[in-house]
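Chain nomenclature is as follows: A, B, C and D, assigned in order of appearance, with residue numbering initiated at 1 for each chain independently.
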Amino acid sequence: MSTETEHPVLPMASAINQALDVAMGLDPKVFLLGEDIAEPSGGVYKVTKGLSTKYGTNRVRKTAISEQAIIGAAVGAAIAGYRPVAEIMMMDFLAVCLDQVTNHAAKIRYMSGGQTPVPMVIRTSAGAGRGFGAQHSELLESWFVHTPGLKVVMPSTPADAKGLLLTAIFDDDPVLFIEQMMMYWDVKKYGGPVPPGDVRIPFGVADIKRAGTDVTIISYGRQVHECLRSAETLAVDGIECEVVDLRTLVPLDEAAVFASVTKTKRAVVVHEGVTRCGFGAELSSRIHEELFGELAAPVQRVGGANTPVPYASNLEADFIPQQSDIEAAVRRVTA
Amino acid sequence: MFDGTDFAALWYETSMTQTSIGGDRPDAPDRDVLLAMFEIQSRIKLCDERFRSMLTSGQIQLIYYSPRGQECISAGWGVHLRPDDYVVTIYRGLHDHLAKGVPLRDLWAEFLGRATGTCKGKGGPMHITHPASGLMVTTGIVGAGIPIANGFGLAAQMDGTDQVCVVNFGDGAANIGAFHEGLNMAAVWKLPVIFVCQNNLYGEHTPMAMSTGVEYISERGAAYGMPGVTVDGNDPVATWKAMGDAVARARAGDGPTLVEARTYRFYGHLMGDAMEYMDKEERRLAMEADPVVAYRNWLIGNGHASEAQLAEIEEVVVAAIDDAVEFAMNSPFPDESELYTDVYAQATS
Amino acid sequence: MSTETEHPVLPMASAINQALDVAMGLDPKVFLLGEDIAEPSGGVYKVTKGLSTKYGTNRVRKTAISEQAIIGAAVGAAIAGYRPVAEIMMMDFLAVCLDQVTNHAAKIRYMSGGQTPVPMVIRTSAGAGRGFGAQHSELLESWFVHTPGLKVVMPSTPADAKGLLLTAIFDDDPVLFIEQMMMYWDVKKYGGPVPPGDVRIPFGVADIKRAGTDVTIISYGRQVHECLRSAETLAVDGIECEVVDLRTLVPLDEAAVFASVTKTKRAVVVHEGVTRCGFGAELSSRIHEELFGELAAPVQRVGGANTPVPYASNLEADFIPQQSDIEAAVRRVTA
Amino acid sequence: MFDGTDFAALWYETSMTQTSIGGDRPDAPDRDVLLAMFEIQSRIKLCDERFRSMLTSGQIQLIYYSPRGQECISAGWGVHLRPDDYVVTIYRGLHDHLAKGVPLRDLWAEFLGRATGTCKGKGGPMHITHPASGLMVTTGIVGAGIPIANGFGLAAQMDGTDQVCVVNFGDGAANIGAFHEGLNMAAVWKLPVIFVCQNNLYGEHTPMAMSTGVEYISERGAAYGMPGVTVDGNDPVATWKAMGDAVARARAGDGPTLVEARTYRFYGHLMGDAMEYMDKEERRLAMEADPVVAYRNWLIGNGHASEAQLAEIEEVVVAAIDDAVEFAMNSPFPDESELYTDVYAQATS
């Protein structure tokens, strides 16, 4: 739980920009590559604003629309001793370069018997809610959690984004760093205090974003905010939820999850990605396997609909888990 | 190899000064074709203007990729196609949708996410689909329409018909893997596909020269043994001619063609684009040479039509747009149950 | 449970070949495309042997090594009224064309509001155990189950393979049909009677491959055989396992699963793919959600290790779930 | 466009009759380079023969992609590279591994899945990796090494060194998307990468002409503004020259080159291949013109070496192979705990 309210409140995009800036300042081996990331525009979401001016276009490299080439170049450079941060503009586009990610970045350390680590980060923005339709809105973290060799990070606050991205860049494994467009610039809803400098948040350490005694809500990314709001609503009815923000899915802070659920005996798992074979299934399974005898109710999953993301605003809103869905799930386990 | 040459600038040096429209071509199209092209261009231009004004005024809200400036290209192939020919296009597809005859009402309703839209509001502007008009796929993934277009060409070839497929994509798409695989397969199988690269000199915020190892996309045809041609996409007559040749070749069973049509996006990548990465003067020149306006003047100046005739065409289009906007704005949003339908043929758990 | 022992016993590859042959004979709109599938070789595993001779190279189309072009052509032709059967030689290679599969084949029906169905099949061979290493051995069904719009099929016997493939070809949705190389030609271990002609097996109907009362083992594909062998071993100790072969993962025969587990109160889920975020997680979650109060023990998952597939034969054997793993899991739930 | 021309046949018509080796080149390499190439070729040829004989006799069991017939290509670039240069290759990579200096013991042990192998037995033949020799990546995914090679080239460029990266792939790989994206990026960024297409005329069971829209892969260089050259990959001197030019260009900072080296796979796609899709006569001719044997004869015939000298080189190689085989056969399998290590830097749940 961040209490450093003395720090300037920033949007998440600025926090990410800061992390990149700090990392590039610290280590000349850190460089960025991706589409449109250099000045004058500084990225289509302006997340990399100013960096090419500060560090030069040699270290902030604008590329063609060639995602396989982007990830491939990052893989090779990483093996050769660099710490590339590749940007794939939207998560759905990982499908055009998945081979480089899953068959190469993820496996090369293993296939070489540990000789060739691949210390690289893939930053990608994701998520529904902006009327972008079926091919620009997905959250596919489950695919990558299913891919041994990758680490998977998905922050919910600007401070977490900064601290986790710095850790990702200096981590010796390939890290998929999932950002959510909805949070980039909306300071009012998603802004938060961001400590300056080289502040890192270790992987595999969940953050209890709200303490509670009755039900554990486990989530990550933007949905953490929905969970927190739901927790407020439920508190009015006397249901005290503990909101566990996983922050990193691989590695997973099982201990924190199990500790909380051992206490509350009830768990609800919330994420925006499609429910079927989503990360919630993994989490639910693990909790049942570990705490079967102690659970007062089956773990509930609240996730995206088992459909592509629709365009029409009313349908899109229905696709995404709502506070009402979270609250209903909590009420089911407390009934 | 990127040697610092700014091809956009180069192109404008050579083409923006050129005002003649197909002037030196003895094989100009008939008057009705000329007017049909004008009608399509007007439809696109006026439709785009309406979208932009309604967006600017806040009447509607959506992600909008303006095709303004690229009208002549779609009109150029539009008049060669039959309803049973196939078209595949991209997020920046309004011009292509209209050139292939997607009805305005259905199109507007889809852009606004209404139940009466081409896709019941579920696809949206990036995925306009209207098989009745032959508009088969609109994709939001750069380059991905190219391999799919081969499937339509293959279907026509296997059916033994003389249908063709026109697939539209940008200059940026010419650097993605799907382009390569798609063009090679089309060449090897001699598919009746016309690969139309609408080269507006930018892919999102990146000038073509910074991302592309070759000066003309059409040069890449040779890498597949496929004819490649570059045409001034702002010259409706030259474009009509190049498209006609390519369509005829495909219909005759002589295989695919790569047509690069050079043009310009007047309004950047998408609505709201600050366009700080575009040269102001370059853009001013391009807009000054507005190909739709230039064509209109040319039609009148060369006695192909009177001002009144063209104005009437435009009025009819405006009326149709008025009607479509009203229809769309008054249409309901899809029923909530639609979230779950059309995922599979039947409901599937 | 197949009892038609009067039919000729065939290897799975021949059963698949028969299904393709029958479908092509029935409907001129069925055609095949893929690498090396035509004569004289008839596919690298000879699964399509003879078909190009019988139906011509117009309907059995050999392609370049261009998986995006293969799937793209299938998508377009399917929308135009054909029923293409595309072959992607090995499942790991789906990563090079995933965009066509997940962003296009899977979503196009939805994105067009139902106007453009994509009736196509992607056949792919998969699985470890042959010393092919990390990039030629994966089972990735979980990615595709997580992709709404796709159906996912994975047969365990030649008869099922034939009947399910025929259903897949004439289904109006895109179907991923997963074959396992280990079973193609090994008649002794995996052969079975195959009825002639146009025999179809409906999707979404699990097959009880062995009846039992004490524990439900749920599996699919080659692992079903391991489960059956484990069941024999366990029966010696008086533990009677019911082996439910799902056959299709999407659609899923939940009713059969729930009915069996309601009876046995104990479930073990077995698959070869990586455990983390594997299909077992989905199944385990659903069973817990539905039958929480009735379960005598938490559902156990037995899956591939959370690692890339190693090359060395001893490590590879350890990667794959073994009968001993299945038996241990069964003993855990009956303990 | 596939017009039924059988390029394999064509190629053999023109090249198999040609017996001169770099004969008309005044700029032949020094004698020690000539012998170094022979040593590499012999290493590959003899190693391959040992693998095949042990496989045939059942002493070992593994998936084996013979590089026999393609020796001169790897030797051709091998003698130009320094240990700190990078090489990327594919499943058919034995020749490339040896040309880059991967030690025989480590290599054999890896092929046999032993703890003493280059990759502790965890990668296997398709993933031989030996950074100490500069053999950085061996991939089993067609074309995938190409974009990765750019990363090594980029590292060298950013480091400001004159290291280069040679990436090897087949003719079949020239039709996959990664090839296109990779070559374009290398051209735009002028990366010090040499793209070596080892064109053995087949991709698995498919002749190049049935899958490729162009006659020479090297023609595709032009699609990226990159020099493209085709060389007789069975002529060690010509290949040496072409590789030398490309390596020099890369070292000088003048960017990448696409080198297509034409050759032939003597033993089909992989061990056990029935080769029913290959023309018997074509194969007989190719094997008769065995480039290693031809080169050996040429060395002697032209006074570059005596029979005894070459025999001695071969004997040393055979002894080294004997030693490697024994080492590998006597090496333990990896400890079971190795299944779980090297997935991440530290154990990760």
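Just so we're on the same page, a residue touches a chain if its C-beta (ideal position, glycine included) is under 8 Å from a C-beta of that chain, and two chains touch if they have at least 3 such contacts.
It should be emphasised that the depicted structure is a prediction, and the values quoted were computed from it without experimental measurement.
Asker: Given the two chain pairs A-D and C-D, which is bridged by the higher number of C-beta pairs in contact?
Answerer: Looking at A-D and C-D side by side, A-D shows more C-beta contacts.
Asker: Farthest chain from subunit C, comparing Cα centres?
Answerer: Result for max centroid distance from subunit C is chain B.
Asker: With chain centres taken as the means of their Cα atoms, state the distance from subunit B to subunit D in Å.
Answerer: Subunit B and subunit D have C-alpha centres separated by 45 Å.
Asker: Quick one: subunit A and subunit D, Cα centre-to-centre, how many Å?
Answerer: Here subunit A and subunit D have centroids separated by 41 Å.
Asker: How many angstrom lie between the CA centroids of subunit A and subunit B, rounded to a whole number?
Answerer: Each chain reduced to its C-alpha mean, subunit A and subunit B end up 36 Å apart.
Asker: Indicate the residues of subunit A shared as contacts by at least two other chains.
Answerer: In subunit A, the residues touching two or more other chains are 63-64, 66-68, 92-93, 95-96, 99, 103, 110-111, 133-135, 148-149, 250, 305-308, 310.
Asker: Could you check subunit B for residues that touch two or more other chains and list them?
Answerer: 119, 121-123, 127, 139, 141, 144, 175-178, 180-181, 184, 188-189, 210-212, 343
Asker: Provide the residue numbers of subunit D that touch subunit B in the complex, in ascending order.
Answerer: Per the stated touch rule, the residues are 1-2, 175-181, 183-184, 187-190, 210-215, 219-220, 222-226, 255.
Asker: Which bits of subunit A are touching subunit B when the two form their complex?
Answerer: That would be residues 35-36, 40-41, 44, 62-68, 92-93, 95-96, 130-136, 305-308, 310-315, 318-319 of subunit A.
Asker: Can you tell me which positions in subunit B touch subunit C when the two form their complex?
Answerer: Those residues of subunit B that touch subunit C are 86, 88, 117-123, 127, 129-131, 136-137, 139, 141, 144, 146-156, 158, 165, 177-178, 180-182, 184-185, 188-189, 341-345, 348-349.
Asker: Could you please specify the touching residues of subunit D with respect to subunit C in the complex?
Answerer: Of all residues in subunit D, those touching subunit C are 61-63, 113-115, 119, 121-127, 139-144, 172-173, 175-178, 203-206, 210-212, 269, 274, 276-277, 333-334, 336, 338-340, 343.
Asker: Which bits of subunit A are touching subunit C when the two form their complex?
Answerer: 92-93, 95-96, 98-99, 101-103, 106-107, 110-111, 133-135, 140, 142-143, 145-149, 250, 273-274, 276-282, 284-285, 288-289, 292, 295, 297-301, 305-308, 310
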